[in-house]
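Since the structure comes first, as structure tokens, the remarks are kept for the end.
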């Protein structure tokens, strides 16, 4: 594509339809846009169809509000994570359609109507639900069709089995679990789909703020389980959506 | 499916075509096969089209050979990881077409001719290549089309940029890196595709056997990077293939 | 048991006393109840004779009260751990007989009158008493006869020796200790009974929130010491009760 | 018992049948034997009916042989753990009936014919079998009836379910698992019996020599799972036997 | 001593001055007091001339006051560590002579007038002074003559050298330092006296709550440095006093 | 220099212009000043031209104010780090020209007008800016010319490339990054100048308070990256200035 | 610079001195060379005047020899680290002037005759000398004038003071120390020059393979100490040379 | 002492008995010897009456032999730790009276005949004996009277009580224990003497190379326990001797 543009440009100069000065200005723009690196960024946003996400922790309400205003104006869509009621009040003043997801503290505005694929978010215990909600909200607003199954930890493994159908129909599964993180391994053994494990900081003592679940998931005896940072529901949701929206593969 | 079978069976009893004793035997089999759990396993292998993989570390040559013989006989395909020349000699006696991949110590027999999708395996340094090869061989024998880019660590980041095209065309990217694990973050920022980070135990001192790269990847500032266990090239390859072979999504 | 029910059912169909449709409905229920997994859960509760326990940390007063109401209604018995005075006030409104155990923050309602066996809970220092109380209250409400010995840490080991009689008569011993966790090893050497060590987060600096006691107990030079998570008095009490209530063994 | 002896002694002095000098000598012996502490040790061995166990790691063949000779002579029974073929050859010269258990490296001589109770040892993978064997051999030679179930890791959880009957009949369950240690949690949720988790050093990378499985088991979401040191099959077997041989409980 | 008492007792019985029944009661008391273990405790307190110390952290004001009242009544001396102004107010009501040491939060009552030996407490920075004060106050009230040198960290090592005289005259040296803990090594190289290192939790980031200083001191390149727990000024002071008050040695 | 002074002194004694008593007093002073150690300290301050820096964390406002007054009086220059608005109000009363840097909490008074060299401070994300500001303010007040580039983390690596010119012109580069710390490696690969990495505690979960970034930087695949403690912006700024102000090198 | 070249090129086309086809070829080269990123790499090598360094650990003799041959041919200079006698024999066959540094296992060929600046490498103990040698050899072959001071650990701190003159004259100081790493802090307090700390894996037990020294150095109470990875003598030497060869600063 | 020498010198110059040139030479020597720092080292060796100790690990036989020859020649006494039979053979050639202590690998030559005080070395298990021997040999050759008690771990605590007399008579106690390190706490509670804990690397799994015992000892519930590095028998022996040889204290 670039090559053709270059050819055109140089021909234009050669045929004196463009002055060297103008050509140089155009070249500069082309180089900036096309040095491979910079262009990627542009492509990426275009493809994902999703703007910057605001991680509210450590930001003031004013800061969040300012960023949110810009994003909403530009894209009509917003995802703000780790927010609270106060921030929500501020954002609602900017856009009345803003929704607050109280468990995870996520705030959303807009989001694609057309949902695609099928992402399943499974959590082990009720305490893991904030992280699970963050994952589900993220994948949903990005455009994935999301199902959720909560409170199916392995201490009562039959609870999980009553949801086998959902497991079967999912294209990608996010498993959210703290403590022993065992649910990721069990789910990984039950499905042939990609499994994204999200360890949570749920637990005490030797749970070590989620390290216990993190290590367990990294060492899952089920192959095909990939792991996110502790409590990183957003990352899991975003990755699940990426997998969900892969373009059709071509067999050659 | 089960429901229909049950209906048939009970009708048969009702119509005295089946005695209660025979019906009970059949019911037992149906329950065993269809309690959701057991059936899943069967379905899973069917879908993946790939038999058990032999992890050779800690197994004797005899043990590996025995398992390999069974697998090859059943499926005509074999993946054995962390093997060595001696094990290879043994397996070649079983199947002359066996191939030894010396960097990773993987042995393969057969493998689907028809390759699908596009998995890209990128490694940071030459010392990371054994793990990268394990990932590539795994995804390849399972049926993914695999490309590899080696030695593009961030210390000379321009080397990576000369492979932007491959990055653009990949459906899923495996990034293999030890030490600072920084390559996963950089690649994660350059592509909108799912990125699977594999930290390696390359390094010394504070690299702590791969912990340094593992933590760095878990904390990647690029969203959408999921992480495997240290040196787990096989897991990354298998997951990459899973993502690659997702059935077409349906927008509703 | 199931087999007999199945026989009955199928005979009923065979003798046309039950239509295939009705039989199928009944079979579905039986399968749900008896696919090995699900049934276990039911059996387990039946055998333990104890309902769900509420872990109050991280739950709102409303949430705890709602769950407590259901449990008390169903079973007449309640164990809520890590509660506080406020939660107690709420639960007292539900059941006036509720008791608050202030050191551990446990709340109990009811509990079997008939106590069995003999569980001994020993703690090293006064700061370990909350965890010891949680263990004792748990085993007690579940139906174990519980004795307690407090403040017999090894810094003054003669204190322990004045309780040798209790140690002799116990069927299972729970040892609760922080810091050096040494009491578990000493007790393990003095008794032939199973010893359950509970490290506590008592201590500072290199105690590392209980890690010091945890590691010490895992490495006890006395064989036969099993270890619970840090501060997990509830788990120790529940396990002690399980051991205490083992059915009579049969020598063959 | 002591009290009676004391009474006798003092009466003897009072009735001048024993001189104060002789009485004092006798008193010294009685005090030494009966100060609660020393006596316990004697009682303990009497009750357990099992002599000292030899931990061979770090001992020379000569050292092991010398200790083994004494133990066999005294008790007719021997358990030596972490031994090898060479040590076995030495011990066979002492007692021809010695048995070598090659997976765990345990050597046994004799052992009670009368087996009691029912201990179940479950292992997750084939690599966990050495530790599982050590646990099984230990409980067996001490006098427990032992059943074993191998290779039922949660990656294919249906395999475990085909052994539900054994799980139901066991009085105490030892679960041996490395990597994610998830099997302990699943088993803990399926049985109401005491579960002893033994993490193994099986795995690589973030398995950290068994730390991953250890932490997971300590944080098991199933209550009533107690944990042993990494690879400590002997300890688990000994504890399982202790639990198995608890005297009948008395309800008061 | 005991032997004499026994002789007396048995003679009394022999001479019928004591009935066997009374003798037995007395014997029981003697056994309880003198089984070697219990007696040690008595001896220990007698020798140290110092009663129990109150560690106030985690105790209520009421609890501290109650214990303090008993100790002061019995011994006229008190050491309470990690207290605060409120606790001080309470203790002052019990004994007006109570002194509050605000940096460390120690409270003292009484304390031997006659000081012995020479203990030197050195601290690296002003932030280490609370721990240093705790050490100094402890050794002082127990009866050691104490000198202190503050703020002589190795970043300006000449400051330490201006106190060489004190270092020369000390019988035992306590070094209190956080961060790099380097002062312990430097002092250990400058004196032939026993050095007790107390790492402090001073620092941030990789100081890891004192772990950095702890490890550095344990690995001191100067031999003869022993280490206490992080921030354990009390332990260091008590040990320094123990060393200071060793009875004269006898050369044989 | 000393030698000359000594010669003078001894000649004076020899020529009886100085009495031995006076000479001895002078000698003592000379020895104290010139034993190599003490003198260094003096030289150091002279060379650096910068007085003591106040680390405000853990100090009371009164303490900070007192130290600040002395320093300002002596030197006319002040750097106080980790301060807050209240401390600023106090210091402004001492010197009206005091400036508060709100992100880092640094307070400065004075500072050299003449700036030298070129130090570049680069930060990965907005959350890293407090540490980056601390580094920049420190190097600036000490006399370095400082440039800053913010928010150029590797997730969008093209952002960094638009600042290549600054990178080219810098004599020393400070890279401030949390999470994966990858920016240090990328910058280290792009410049031949010394790079000082400052890991920050930005992140959550497996970021472990900055440990993740710390390890990544220590294992940077780019040689020539040296690392400071987590969040230690001050140290990085001071070191950058030290490097910047190296005297001209002499080739021999 | 690029702009001028572009102007020339476009003018050439405009004036028909260059065909569009030729212009395009030239443009492609210019873009490749000048997109900021790629060019940097070229510039870097040019400035450093030093080719790739071979890290021999984990490479076969053949691999090292092959790389070495290329490097020597291109540049006449070689630095290979972590080599051994066998590798040396191979390299000597390529270039007879090759020198083997046996303590560190470094091999050098050539190296600038003209030495500049003054880098001082100080080591704490004799066991730290391999790392110190690696640092010294690296800085030397790159072109720095290097001095070394060995065995001046703080356990006998006066040994360091006899080298104050060298410390005074150095432009940059590398401190190599294991165990407590205290030497870095002491040296950091004695000099105003940049100090690069290299923790070594010397020590045992709680030295944790160098972690003890690493943490101590990161927490140095002397500001201006930057830290390298454990045992990373090469990195320290390279950084020291970078600092040494900074171009003259310009005061504006 | 120095002051007198200075007075003499200056008087000599004043009375023209010494030329200024000679005086200066003498002054230089005095300064070198007496600047406080250097002198200490001399004093220290004088007081300790013990020369440098050779830590053989990591040294070649030649290196050890060379150092040993010098030390024996100078002092007639030698302590070499972590040696082996080969090194012993070399040293025996230098001095026939050399003794090899095979458990610890220590080699001794000479050693004071006159023993003083009473140091007690207690070890928990037979595997701890190498470290215990190192401690005992060290204290002995330095001149302490040493007693040892082995294999008295807390798993059979009555064994320790049969040695109460030795505990009573010791002036300082070294406790050597691995695994749970509990013996240090028990001994610390039984004696009023200083206790030096030496954790050993005995154990496996969660013993983490001695970390378990180290943490337990640092958190000993008995005050007055100071801790050495893991396996550091030498350091404990040296410190025990230091404490043993404290000069008589003076009460003022």
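For this structure, a couple of remarks:
To keep things simple, chains are lettered A, B, C, D, E, F, G and H as they appear, and every chain counts its residues starting from 1.
Simple rule for what comes next: contacts are C-beta pairs under 8 Å (C-beta built on N, C-alpha and C of every residue); 3 or more make two chains touch, one makes a residue touch a chain.
Predicted, not measured: the structure shown is a model, and the values here were computed from it.
Common neighbours of chain D and chain E under the contact definition above: C, H.
Most remote chain with respect to chain G, judged by CA-atom centres, is C. Each chain gets a centre from the mean of its Cα atoms; for chain D and chain F, those two points are 60 Å apart. Separation between the centroids of chain E and chain H, computed from CA atoms only, is 24 Å. Listed for chain C are residues 35-37, 40-41, 156-157, 161, 189-190, 203, 205-207, 211, 214, 218-219, 223, 229-230, each touching two or more other chains.
Contact annotation for chain pairs lists A-B, A-C, A-D, A-F, A-G, B-C, B-D, B-F, B-G, C-D, C-E, C-H, D-E, D-H, E-F, E-G, E-H, F-G, F-H, G-H, with touch applied as defined. Chain C contributes residues 35, 37-38, 40-41, 57-58, 199, 201, 209-211, 214, 229-232 to its touches with chain A in the complex. On chain H, the positions that touch chain C within their shared complex are 124-125, 153-157, 178-182, 184-186, 188-190, 203, 205-208, 211-213, 215-223. Those residues of chain H that touch chain E in the shared complex are 36-37, 40-41, 43-44, 47-48, 53, 114-118, 145, 161, 164, 167-168, 171-172, 189-194, 196, 214, 218-219, 223-230, 234-235, 238-239, 242-252.
Taken in their complex, chain E has these residues touching chain D: 3, 6-7, 10-11, 13-14, 16, 19-20, 23-24, 27, 31, 35-37.
Residue ranges on chain H touching chain D, taken from their complex, read 127, 156-158, 161, 204-207.
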